[in-house]
Structures are given as structure tokens and as C-alpha cells.
């Protein structure tokens, strides 16, 4: 006897989610005045989220609402849940969240939605039933593939490469890495080989040591992709004053300010990122559109996002910010974030 | 008979030296690149900061106290230093370094006063300041990040420059180690730290200025944490409010693995530094040995346990041989 | 030289000293007598700057002084041997002696060689073969006491204050200590000597000040009074015989120790104790007596040999099992081994009779009260931590804790260490009474009169071996001392 | 003067803060918030119970959060392997017990300091969690159980009832049984306790086993409550647990402390956090307040003792 995984799966499929037919969207509804929108990042005081949420709060001001950033100082799902509860008590109109654990926050977010609060996920999605809309910085597929393309271009499609990720459990990174692996199966990469995925745990010291480890254990390593801002900065710093500078190519996701010095000294040829400010800004508008009834999260609905123009809700309630920007020596000085 | 005491003292560090030799031997055999000059340089660089912190921690631990707040002090000092360098580039680098050390010393003084004068148990006091200092750091930083490009290249070079083939941070750590080691062994003030840790009550009766010594141990430990903060900023070049979060346990692990008794009174800074070297050596070795990334933490933990067990077994063996010879040695 | 004027000191509701005046003169050894809790140690701690008087003054060479801590007293030339040794277990013996005033070399460095030679010199003056380089951890109480003595002597002080320095010592060490103390006195130093052994006071001192309930009863010239006078001053009444041993007929063998050996500590120790018998284990400090007791009780492992209680073998290394078989051990170091200092009196007494299930506070209280009264413990409340008790009263709590178990075999290691004469008589009476009821007692004692007065049989140990087994009739001071020092009797 | 009066102060402080928050903070004093607040401290409260015993015995267990992670990983692994949850739950507890037993063995048999041992197993157990579950996140847990974890009986969450029952049991164990007295005694003076025939090592060993088992239980609660089993579940909780125990007036040197104080401290920390977050106080201030509370918790009674030490005339 007992409940096993297949039992649960059977139950789930037997009883399809009694999706309460969403109230029809009214694309022409005006943005309600005085909307209270809370931004709940993975972690406060993280520069990336600070930029994103600053623009998110600015967006709220533009449409006459009230935005604020709250959240834990350690990136854990359980403390995010405490904050979600608080936001429910405070009767916010919308929560914009980047989930530390896509599943653990869902029960709490469901409660929030039951209390009439709209939920937008951004940066790092929750499970689909935990939010109304996901504002995606760039499609995971795009990100995964373009990073490989970027590195392949620098390497001439040849050589061993490694990935320096965040923690083994980082959802975003893991999805991207899957797409990287898939991209590498294409014939044009037949001379490239992904030898190892290392984890720097988003810790400077660990990322440093892991970079060294990669270079020592694979002396013929040609390139590293680090799809995390902490990792790429640490790896760049290590490479910049080692013998490998310029020889081992490095790319990944990072902010221009962080990496400016390394692009200029030749450690990095190019890397990419979306504009985090735009991400927060768009998420803010999406939250307002939801809370005002302009959209419900169904595919095909459209809403206006201030200076960024008009966006369309895609499949699975996803709103795509756009393509990431590639930064290199030519354009890096045009950006400040 | 002094041979005896000397032998025990040496044996206390012997366990970890053995562990180090095994680690380096095995790793070097599997991957010679680990022992290449560049590989060794990496290891020295990696252990410099933790070793500096472990030396400072030892000062505190021998007095039967502990400083959990080191990681927050490193964080606040690294951020403070980086911020000044970024926003006020005209301030000379040595002044910034001195400022960071002072900032660390001030944090240490807070701990020292709480523990030495207000008699709050060190674990409680520094667990409190671990949170509190980090809170101040966060409030100060407010989400700001100081990047390599914001800091003068001359400063960043300090984090990696070589002097006679040895990286500068490692030299700094070594200097600190030798200086503190000398003080602890040779100066009455140093001996008194051990006495306080060995028996605080007896220390009072012996007329040792216990408060002053405890406060100075914390201040010195804090100053070294401040120094480690500068080293951190110079070395990683990217500094925000989360710098060194969680490193307190690494430091304490290094000290404990290095044979410093956690209840005070015995152990040397050399042991602690060796402990730091061993722990960063383990991390480096695991990275180099192509150990499955998911297994690394587990192997790391197992090796830490193995090291302290080895140390303990050697100590027990010595104690046993000592008992057999006690009759004549009394 | 050093004097107290009308000094009072209270701890909460306890008035430890009231209006005490005392003069220590150069070239004089002054004794301080009084029952347990009379305030002797408190007085000592005031002289040494540990406590500050609530009222009254300290005079140094006629000038009022204030000691803000032990460092001040030390600077003023006062050296103190405290009742409880306070050593640094992790440091070497030599460093223990010189901690706080290391001999220096250039650059302010500690001069280890000087420390070693001076320590060796001190130890040879005291006649102790201690290795200055060994750590203080694991020293027996007696050795600890000797290190404390060496520490005080090394200070070359003007005033030497000794709080029960001899409580753990046996004859020869005491003699040597007195030799050193006398020579200091003759050099014009002042000596204050606290002890519960009357003969020692008479042997060393010229004058005696007696305290009762924190107040001075009298200061006498010792040559003018008898021990009985002194006892009367301390206790306020006459005392019955000190060693009231009742004759008993030994019963069955209760404890049988056979060829017990612990390497490097004692070898091949065999003896029996019968029900109703009090067997004393005598010997010099470090002869290994306490170690035998510990191995019998199971707190130390044994390397060879066996222990039988009432005919049944005892497993090695299990005090719990020894207790179940009816053995009790009153250890020599009451602060470390005998008591949990932070716990209350009643909880300490209840510690040996713990069961796993629910506790009954009423029963615990009743038992504690019962024993505290029988042993005349002086306390303010049974819920007070034992820390606040005077040394002798702490010892009584340890006794109470073990007697509460109603053991079949009672091993007592220095049972009257630090206990005043009145209580000592009481303890002796109690032991004798219990023996008469069929208890087998193994008593380790360094106090020869106690050994001779109480024991039915005297076992003597020398350097880890049992060298003599003397029945009461044959046990004379000469024979015991001869055996203990390894001379043929 | 009694030294163990700090817990009355914690209770008073808890009452004061609760009243102040109810009056001054919107949304604090309503049923769902209180229920959530109680629910939210379940894991910390559970682990704090056994941690209290361990610390009173003058040891410490820093590996609890990692043990929790390990148990979560085991749960996730077995669940994906198709085992029924009813069989997995006891296995989870046993895993915790084994983890505790290893700590206990190293501490009692090898005589290693527990701080050192549990820093080692802190890494080891978390690492094993990664080895076992890797980067998977198991979320398809049975709704019957995940639902139960957030269910309430009237206004009080079921899990809170569990905590109450266990707290009462632990309280009786520590304060009213011979075993508890033995734990206190050996924490205050291990040697004297040993001389009094208390089986010091055995008791310590079982305390570590209890601590590990409790971490296993907390792992179940955690997994069901968040409907997510991952190797990094509960990272960093150990310091929160230790902080709560110390705030509750348990002496880090062993031999002193009460469970009532610890429970009050757990609640106090939770109420303060909750109220401050509701009042939109920034997170850094929150950490600062936590730190301050901790220090003050010891400072206050110390000052009190000092004032009372003044001689009575």
C-alpha cells in the first residue's frame, strides 16, 4: 500500500486542474491608480536585483502606483515564503518575484492569488501554477545557445570548453546548461567538447578555486562559459593575472560595470546580458496590467509597458523581454549598470 | 624532559603535516600540474586570506573565546576599502589599507568589550555581531557593487603581485603568522593569553590583566580580519555587501583542524595556518582531481573529519606512551 | 607588617567576616583557626585582593592600602597559597609557577631556561621530584598543592599567606614545607597559616587567631595554650574523643582486590576489606593510593587484576556497575570530581540516586535535608549552589551524596580534607557507626593520626606497590612511616 | 538571586513585543498571520528542542541543518524511485538518527570536541545530500501530506500542535526526570557526573542521535510544508537554531537552561521578524536587531547580577 509517485501522477491526471475560467481580459481597462506592487528578489542588496527593482519601482511611479523592494538577505526559498505571507497581510495588489526555489514558493503564492493578489515572476520563474505571468529576460533557449555561439566564435569552433555555474541547484543555470549541451550536439561544434560543469556556488573564493581547478586539470582547455555574474567576475579576475590571460577565452553572463576592466585588458572578448533595469521595468508594468485587468496571463493578450512599448503574452504566460545584448570592447562604454 | 613537552608540541602539528603531505602527494601524483610552480602559487594565494583569518582566530581561541563575526568584519572592511578607493581615488592606498585594519580593529574592540568587560559569552556575543556587522554592511552598501574597473589598478595588483616568485598576499600572511607566532611563544603577554584560556579563574588569581588581554586578543583578531578584507578586495576585485558570507565556519574549521583546542589554552598559530593550508588545499585538490562536482562538498567534509581524527589519534598515542613513562618522568 | 582593622565582609545575606582585626608581624608565623565556614578563606582572599572588604581597612606597614585585585596585593609583596589549587592545566609546571611574572630576556622575551632552573631549584627545596616541563594537567591534588606552594615561594614575598596548604600533603612534605616556612620567617617575613590540623599549628606558629562565625574569638600565644583550649575557642564547647572507633567483628569479605595493575601507576595491588572493617590506605603523596581507589571504582581502566564485591566480579571501567554492586567513592578532588559546583546542594546530594524516570522533588529535598543535618552542613538554603559553601562544607556535601546511597563498600579518599576538628570527629563517628552496621570502609588518608586512630588495618603503599599490611595492634607511627618511605620496618 | 531568571525576561519581552505589534503593526494581529507565524518557525522550533538538550550537556550540533538537507535528499531520491511515502518517512527519521549517531560516536568514542566534529559533518552531510539528489528538485509530492503540513485545527496549525507536544515532552525530560538532571549535571561538570556514576558518554551519544532524528523530522516538515525536496533545503538554519537556544538563556558552557526559555525565544525571534517585516523595515535592520537581541539577552542578566552584587548593608 502507501502513496507512491505514480499514484500522485495518476491522481493529477485524473482530476485536471479545475481551472477557474479567468475573468476575461479588458485590454482597454485603464491602469488602476495607487496600485501597490512589491518586488521580491532572490536576495536584497544584490546589485543585479537592485538595478532591476529600481527601474521596477520607477515604473510603478510612472503609472501612478507605489512600488517597493522587500526580501531576505540570504537567497533561500523559506525566507521568501515569510515575505510572501507578509505581502498577503499587507494586501498588496501584485507581487513580482524571482524564485529561489520554483516549487517551494508555490503554496504561498497560491494563497496570495487566492487573496486576489496578482503574481508576476521575473528573472527566475516559479512553477506555472504559482504565478500569472512570467517576465522572461530572454528565452532560456536563446541564452543557452547564444553563449555557446559566442564562445565558439571566439575559439574558431575548436577546443575543449567548460562551464562554471552557480550552485548545482540553480534552476536558471541548469536550464541554460541543458540548451548549451544541446547546441553543442550540432555538427558545426564537432570539434568542441564540453569537458566539465563546475560549480562556484556564487561565492568568489569557490569560483576562483574552481577556475584554477579547471585550468590545472584540463591543461588544453580553450574556453569557459560562466552563466552567472559572480562566476564570470571571479574567473575573469583569475585569468587576468594568470598565464592563461587571452589564451583561454571566457564568456557568459555578467554586467558591463563588473567586467569593464577585463574587457579592456583583453581577458574577455565579449559576453552578454539583458538589461536588468528593463527587466524590472517590464515586470512592473506587467504587474500593473494584471492588477488592472488588462491581461489575465492568457496567450496572446497585449499590454503597454511604458518606454519599452507594447508586449504580448506568449505561451505559458511568458512575456519575453527581448534578445540579450552582447557586450564587447566597442560598445561596453555605452552601458552603465 | 623538555624533550617531552617539545615532542608533544611538535606532535600536535604533526598530524596535520602528515595530512598535508598525503594530500599533496596523492594529488600531485595524479595530476602533476597541481605541484607545478603555478599550481603551488594558486594554492598559496587561495590560503592566504583564510590563513590570515585563522591566525587572528587563534589569538582569540587560545583565550577560550571564539570570534564568529570574522566573516562580517571581512565583509565590512572589504566593502569600506573598495568604496573609498572607488569614490575617493586620491586617497593613497596605504592609508586605505590602514583604515581597513583600523575598521577591523574597531569591530574587534566591540567584540572584545562585550566579551572581556561585559562578560557576554564569546559565542553569543560574536554570533550577535555576526548578524549586526553584516546588517551595517548591507545598510552601508545598499545594493551597491564596487567593480574592478572602479578600483585603481595599483591596488588590484597587490592582490596578485609576486615578490621573489611568491604572491604578495601569501607573504603578508606569512609575515603575520611569524610575527604573531613569535609573540605568542616568546612574550609574556602571549603566554598570558594561553594562561587565560587554560584557566580564567587562575589567571585572575595570578594577577594577569584578563580583561585587557582578552580585549586585545579580539582587537588583534579584528585587525587581521580587516587586513583580510583588504586582501579580499584586492584579490577578487568585485566587492558587494555579501563578501565572505559564511566564511566564519571555514576559519574555525581551519583553526580546529590545526590542532588549536577549541576550549582554549593550547595550540599554535602555525597549526592554524597549516589547517588553513590544508583546507584550501583540499578544495583545490578536489577541483584539480576532476572529482565529480556534486561530490566535492561531501569529500571535503569527510577529509576535514579525517584530519581531525588523525590528529586526535596521534595525540592519544602520545598520551598513552606518556603514561607508561610517567613514573620516571614525574 | 600587614594588618586588618575592623574588617567586615558579606555575601548577600551571609556575613562571612564581622569586625575582624589581625596583625601579621615580621618574623612571626601566625595561625588562623576556626570551624568550616568561620571565614578563614574569606579573610585570606581579602588579604590577597580577591575580595574587597565592605567595611574596615587594610594596613600595610601602618599605612592604609586598597587592593583592587590580586595584582595589587602581589605588588605589595603578598604571596598567597589558596585553599583550592588554581593551576593552568595546559601549561607546563614551570610556566605555572612563573605565570604573571616570567623571567625576561632581551626584547622582553620569556627566559625559558631561567624558568626551568628556578623551578627545579624550588622543587628541590620542597623535595618534590616534579618535572618542570610536564603539563600541569593530571597532577594529583597533592602535586598541585606543591606547585601552588612553589609558586608562592618563588615570589620571594614579604608576607606569605597559606590557606590549608597541607590538607592534601603527608608527613614528609609537610615537614619540608615547614622547613621552608620557618626559614622565611627567620628572614623576617610574615607568615599566615590556615589549617585544621592542630598539631601543625603548634609545630609552626607562634600565635593563633581563632575565628568563629566570622568574628575573632581570641588571639593567643600558642605556647600558652593547649590543643583543647584551641578547640574550645573554635567550637565553643569541649569535644569528645576525636577518633571514636568502635571495635567491630569483621564479617564477610566485602571487597576483594586481586593483583590490580595499571601500567605506570601501580602494580600488583591485592587486599581485602571485610564488612564492618575500616581499612586505611596510607602512603606518601603520589604513592598511587588514589589511583587504586579510582581503578577499583572503575573511573580509571585497569590493565590487569580483578575486583570482587561480595564475591561477585566487577567489570573494569564502569563506575555505574560498581555503584550497582554497592561501592561508593568519595573522590579526593571535590571541586572537579565530587561536586557539580553550579548545582544546588540538594541536587548534588541527589545526583548519586538518580533514576531515569520522573523525579520527586519532595523526596529529593527530604533526603538532602536529612543528610545535611546529620553531617552538620552549614548552609543558607538547600537550593543554594554549592559554590557558596566553604571548603569543609563542600566536603560534607560530597560525603552526604555518597552516604545517601547506603553503600556496602565505601571508599573515601581524604574524607576529612579541609574539615574542621568538630566535624572531623563527627565524620569519624559516622564512619565508625556505619562500619559497626556492617559497612566496609576503605579510607585513604594522609593524616597519620587519623589513619592510626580509625583503622582496623593499615595498608601502606610505596611507589605504586603495597608494601605493608598492619593490623591495628601493630600499626605504629614508626612502622607506617618506615613502610611508606620504603625503608625496611 | 536566581541566575536562571532570564527566561522570565524573554517571556515578558515576548508578551510586550506581541502587544506592541498587535497595536502598532497593521496585519499582525489577525488569525492567518499568527497561524502563519507559528507555522513558519516549526523547523527551527523542533530542532531547537533537541539543540537545547545538546547545549545543556555542554556540546553543540552545528550539523542539524545539513542533516535536514540530507534527509530531504533521501526523501526526494526514494520518492522519485517510486517508494511509497509512508515507507520513506521512517527511513528519513532513521537517516537523521544515523547522522546524529556518527556525530555522537566521534564525540564520545574519539573524544573530539563537538564543535569540530559537527563543522566537519556540516559539510559532509550537505555534500551527501548533493551526491544523493544532485541538482534535482522533487516537487510532485503527495498533496495529502503537503496539505496536512499547512492544515490548521481551528486557528492553530497542526504542526504547531506537534511542536507543543514535543516541547512539553522535552521539557519534562529535561526538568523533571533523572535523565534530564543527569544531562544538566554532566553539562555543568562532566567529571563529577562521571564520578557519580552517570553514563556520560552514553547519554551524550543519545543526545546527538536525538538531535539527528529531530533534524529528520524537521526535514519531513520542511519538505511537505514547501512541497519541495532539494539538497539545499534548510541551508543556514543551524545558526538560527543556535541563536534561538542561546537567546532562550541556555548557557553555551552547559549545565544551565530551560526549555520554556527556548520556546519563548523562538517565538520572540519570530514575532520580532514578522512584525518588522510587516512594518516594512529593511532586512539589514532585521539582522541588526537579531544580533542585538542576542547580545542583550546575555548582557541584561549580567548587568542585573552586577547590580545585585552590591553588598547589602
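Order as written gives the chain letters A, B, C and D; numbering starts at 1 within each chain.
The rule is simple: a residue touches a chain if its C-beta (ideal position, glycine included) is under 8 Å from a C-beta of that chain, and two chains touch if they have at least 3 such contacts.
Remember, it's a predicted structure, so these values are computed and weren't measured experimentally.
Farthest chain from subunit C (centres taken as the mean of C-alpha atoms): A. Rounded to whole angstrom units, the spacing between the C-alpha centres of subunit A and subunit C is 73. Chain geometry summary: the mean Cα position of subunit B and that of subunit D are 29 Å apart.
Per-chain CA centroids place subunit A at a distance of 34 Å from subunit D. If you average the CA atoms of subunit A and of subunit B, the two centres end up 36 Å from each other.
Taken residue by residue, subunit C touches two or more other chains at no position, since every residue touches fewer.
Residue positions 130, 134-135, 236, 282-284, 287 of subunit D each touch two or more of the other chains.
For subunit B, the set of residues that touch two or more other chains comprises 134, 138, 246, 261, 294, 296. Contacting chain pairs in the structure are A-B, A-D, B-C, B-D, C-D. Within the complex formed with subunit C, the residues of subunit B that make contact are 1-2, 4-5, 8, 186-188, 191-192, 194-195, 197-199, 201-209, 261, 264-266, 323-327, 329-330. Taken together, the subunit D residues at the contact with subunit C in this complex read 1, 172, 176-179, 181-182, 184-185, 188-189, 191-199, 255-256, 311-312.
Here subunit A touches subunit D in the complex through residues 1-9, 11-12, 44-45, 68, 70-74, 76-78, 81-83, 85-86, 88-91, 101-107, 127, 167-169, 171, 174, going by the rule given at the top. Residues of subunit B touching subunit D in their complex: 114, 118-121, 123-125, 127-139, 246, 249, 252-253, 256-257, 261-263, 294-302, 304-305, 308-309, 312-313, 316.
Residues 43-47, 49-50, 73-74, 168, 196-199, 203-206, 208-210, 212-214, 216-217, 219, 230, 233-234, 236-237, 241-243, 257-262, 264 of subunit A are the ones that touch subunit B when the two sit in their complex.
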